[in-house]
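Two complexes follow with chain A in common, the first pairing it with chain B and the second with chain C.
Here is the complex of A and B:
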């Protein structure tokens, strides 16, 4: 994989449409206004995800929306929690593996009896691992 | 993920939890105790359903989710599937388990000096014994309600144990 600076924004949206986690995981230098734009694009894609999620029983919905040269890929769990990733075109397998590993991490958070489902994920451990996974797969 | 504990531990925890809530925390108010036990079951069911649905494709409609509860979910929890599933096609489902695992070890009357009461004598069920046993059922009711709510089906679950060790669970969505 080439060492170009990549933009990638990762958001986890609960089934009540509340974002419970977000992170800029690209390797490009962080720019403040770009971060807002990324989150806006991801939120706008939620409508499309809603329709697509009911059309299939697969978890990985691949790319659901485009904006300029950025692509939105989505992974939906059985509890209707959506993992959304905004990225410039990457290999699909890498993204699918990324989502699957984040799903495992997410379940570990979920199994914590002190975690209220639907609330923000504040664990720094989770944060570190997600960023490490992003570096590995994206 | 995927570590296991022995079944006697699970039995012990459930029984102690019911005894603690009924006997110590809410001794005079069984309805509050039942509510708390059900709430604990709700959270556990919520979490367990997320974990057990990880490997498999998502559900396309309510019936699939109920079938998942009857087969995979029940097998993971109780090592067997639901024996009978009935529906009135208007939102109520009845799940019947003829040998409900958590009830098979309940011994009946502590005043009787017999030491090996492992199966229930379903003929003579005293009133207080029936109430204690029914307390045990609030936890599995909460489990099912939590699992179904996570899968997107809000519902109410009630249990009925007219003949032990069989047990029927009624779940109705509004």
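Here is the complex of A and C:
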């Protein structure tokens, strides 16, 4: 959307609270310690999501938490898998579309009989597609 | 900012508790302080005896029957706050001195010290000096300058004495409050905050200041009413103050007065249940307060001093009041809003206090991850300071977060409820980035704080759980951290967290003598029947299932006879691992394990045989091994590695340490249930004349001597010799009397008896098989499976149990093969008549007959 360097960190957390996929999808240059901080913020946001997810029947929970100008938006699937995106302020529609497209990709991963549910998603195809979607919508 | 503030804090009288005189032993200081601090609440009804009404009390609605005074004791005193005039609860209103008389013999000195100490708190309205453990001489001395002695007595009397003193102090404070309020009401006190100091003295400002004075005075009088335990009076003054402040636009004091009114409201209703109406009122007012503080901050943006800390404190107070799971969203929003305000705080210690409070409140709310996150922020702030104490605080705070990130030390986690917890915690291991960062920070802060055990533990956890994610250089760095920390630890230190190598159980190799142990049934005289191999079949309808590979194997070990356990060690890291000593860890106390030293090159695994000797009868539990490596002793449990391998098999854990060392895929072995039996005799059989084949010709009868030696430590009391196997009829007789008369065979004793054998006839099939061998080869090897066996069942003495019963230790079985090799005897194979020329022998008679015929 904008040409400015944006920060964004995307994590998929399974229902057992394990991260099965994570990626830094922002266009800003990657810094090690910032990457850690992003993961810490997302991990902390799990508490808030836990309560909110059961309070509403919508899948897209919009922004649930924030820290230091960074906002956490969450999308919960029917299997209680959480797609969490840490970003600086973006438009909600773009994020919603991003989550919906990633959801479709995620379902395709699950259809693979050789994929063990709850384990890490290692498919490079998935990785490429997610990054492309991030560039498109975020 | 101050930690631990709540809505009710406004009604607590701050009392500084200071040690005076000579040095006080830390435990005594703790005890005395606890004695004082116990009386944080003093009922007004109990003050009556000490209270004298000099003039009409300004607190007309004081609830003498139900009310109380709240005291907040601050040990060591505190720095006077610049905002003291704004909120009277921040003033130190009383000073209490504590003195340990055995270290301060000079009472005059003590009195002088106390006066000096009290002088540092000019706002103090009352002071007392408590002196403990006076000697008799000191007791007799006249009381100097109000030192109150506490003669040594039992705890209850001391407490009662202290209660009386505190009640007296509270009464004095109440009287002082009355005086102050009466004075304030009559004169016009100028009340300033740091916000006002910069105002220029323009005429408009002066007029405004005069107008505001009255409102501010009302607010402060309200504060004192609250401190005096009269919320009703306080409320009246606060209402006046609020109106006046609103009129004069004194935003900051408006907020302050509102805060006071909420405190009065809450304290007043404290007795009843918390009702939703009250809660809503409190919430509404506090949101107004926060808005007002925010306006005051924006207004005075140009000022150097910012009241933003009041806005944050107000948010924290409301969050603390509401802190319940049901309103978690609201509390969370309040706390995150406060966290955003951290940027506006100039003072680093304010930021520290803010994060500490936020972390605490999230913890009370049940949001453990949020609490851990903010605790980590606190630790980061501590680490920015450059001293060992700050590093120690950082380390302790980070240790508190380890539970939320699932990297806690074994020392802190309770013994886990079987494997269920460990499988779940395996899952959590995938937040590996966070876990590694937290462990690295603990390592760094513990090194700075000079705590070698914590740094060893952190480095061990890091290396063991995350070696696949650490570069070889990083791994070597961690190894050197471990060695450096161990250098600073005393020899023989134990740590609850294991490091390398990874250890798993491979097998339990058996010595043949351990295999044939037979349980004796006390009711069966002939216990050897039915024991032992029941012929060629492995499974029969009468035996109890298969021998090995079933769920729970039962194994017996014998006291005094060495046993071995084979384990596999793996070093998946890229440095040489030296295990100084490794031996079996036995929790049942009846086993002596022998240590072994092992060197593991990088990325290898090794099979090691660990041995030991059982020492006492009973069950053995060997949960793992004790390892001395990197200078510290740790215990490695087999169960944990099994869980790890289970997770690795399911792709849920980073890596299988044994696979990456090239070990073959291995099925996990359940440690069998092992019990140790009392010492048993051990018979060793020897065939006299050589252990090799007993060479017999077909049909030959020969006596063979068998020697039995008792290599055990107890005598053989009973025995039974029977035959088994094939060709049993080749044994004609066994000299049973010989060996029976030798019983009991003492340890080291031996008996030799005769067995008469007769070789059987070889059948055609035997001949054919033997024909393949060269007939010239005299050695005949006894063929398998055709020999008879002497089955010797023997047992030692029965042990007497303490309760008069007799326990039968198991018996043993020895199978002595009689390796008879039958050699073909002479046999008529073929007969043939040979033609021969026999020279004729002519006698005289033949010759005479022939010659007579010629004439």
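Following the convention adopted for this analysis, the second predicted complex is superposed on the first by the 138 of 138 C-alpha atoms of A that agree within 3 Å, B and C clash if a C-alpha of one lies under 4 Å from a C-alpha of the other, contacts with A are read in each partner's own complex, and residues count from 1 in each chain.
The working rule: contacts are C-beta pairs under 8 Å (C-beta built on N, C-alpha and C of every residue); 3 or more make two chains touch, one makes a residue touch a chain.
Please read these numbers as outputs of a predicted model, since none were measured by experiment.
Room for both chain B and chain C is found when the two structures are superposed via chain A, with no clash between them.
When the two complexes are superposed, the chain touching more residues of chain A, out of chain B and chain C, is C.
In the superposition on chain A, contact of A:17 is made with chain C only, not with chain B.
In the superposition on chain A, A:58 contacts chain B only, with no contact to chain C. Contacts of A:41 after superposition: chain C is touched, whereas chain B is not reached.
Legend: residue contacts after superposition of the two complexes on their common chain; A:103 is shown touching chain B, with no touch to chain C. When both complexes are overlaid on chain A, the residue A:76 reaches chain B alone and has no touch with chain C.
Legend: residue contacts after superposition of the two complexes on their common chain; A:120 is shown touching chain C, with no touch to chain B. Using the contact criterion defined above for the overlaid structures, shared-chain residue A:67 touches chain C, although it does not reach chain B.
Superposition on chain A leaves chain B and chain C with their closest Cα atoms 15 Å from each other. Note: no residue of chain A belongs to the chain B contact set and to the chain C contact set alike, using the contact criterion stated above.
Only residues 1, 43, 46-47, 49-51, 53-54, 56-60, 150-152 of chain B touch chain A when the two sit together in their complex. Contact residues of chain A toward chain C in the complex are 16-20, 35-36, 39-41, 43-44, 46-48, 51-52, 55, 65-68, 116, 118-120. Those residues of chain C that touch chain A in the shared complex are 328-329, 332, 336, 339-340, 343, 362, 366-370, 372-373, 376, 405, 424, 427-428, 430-431, 433-434, 437, 650-652. The part of chain A that touches chain B in the complex is made up of residues 15, 53-54, 57-59, 76-80, 103-104, 107-108, 110-111, 113, 117.
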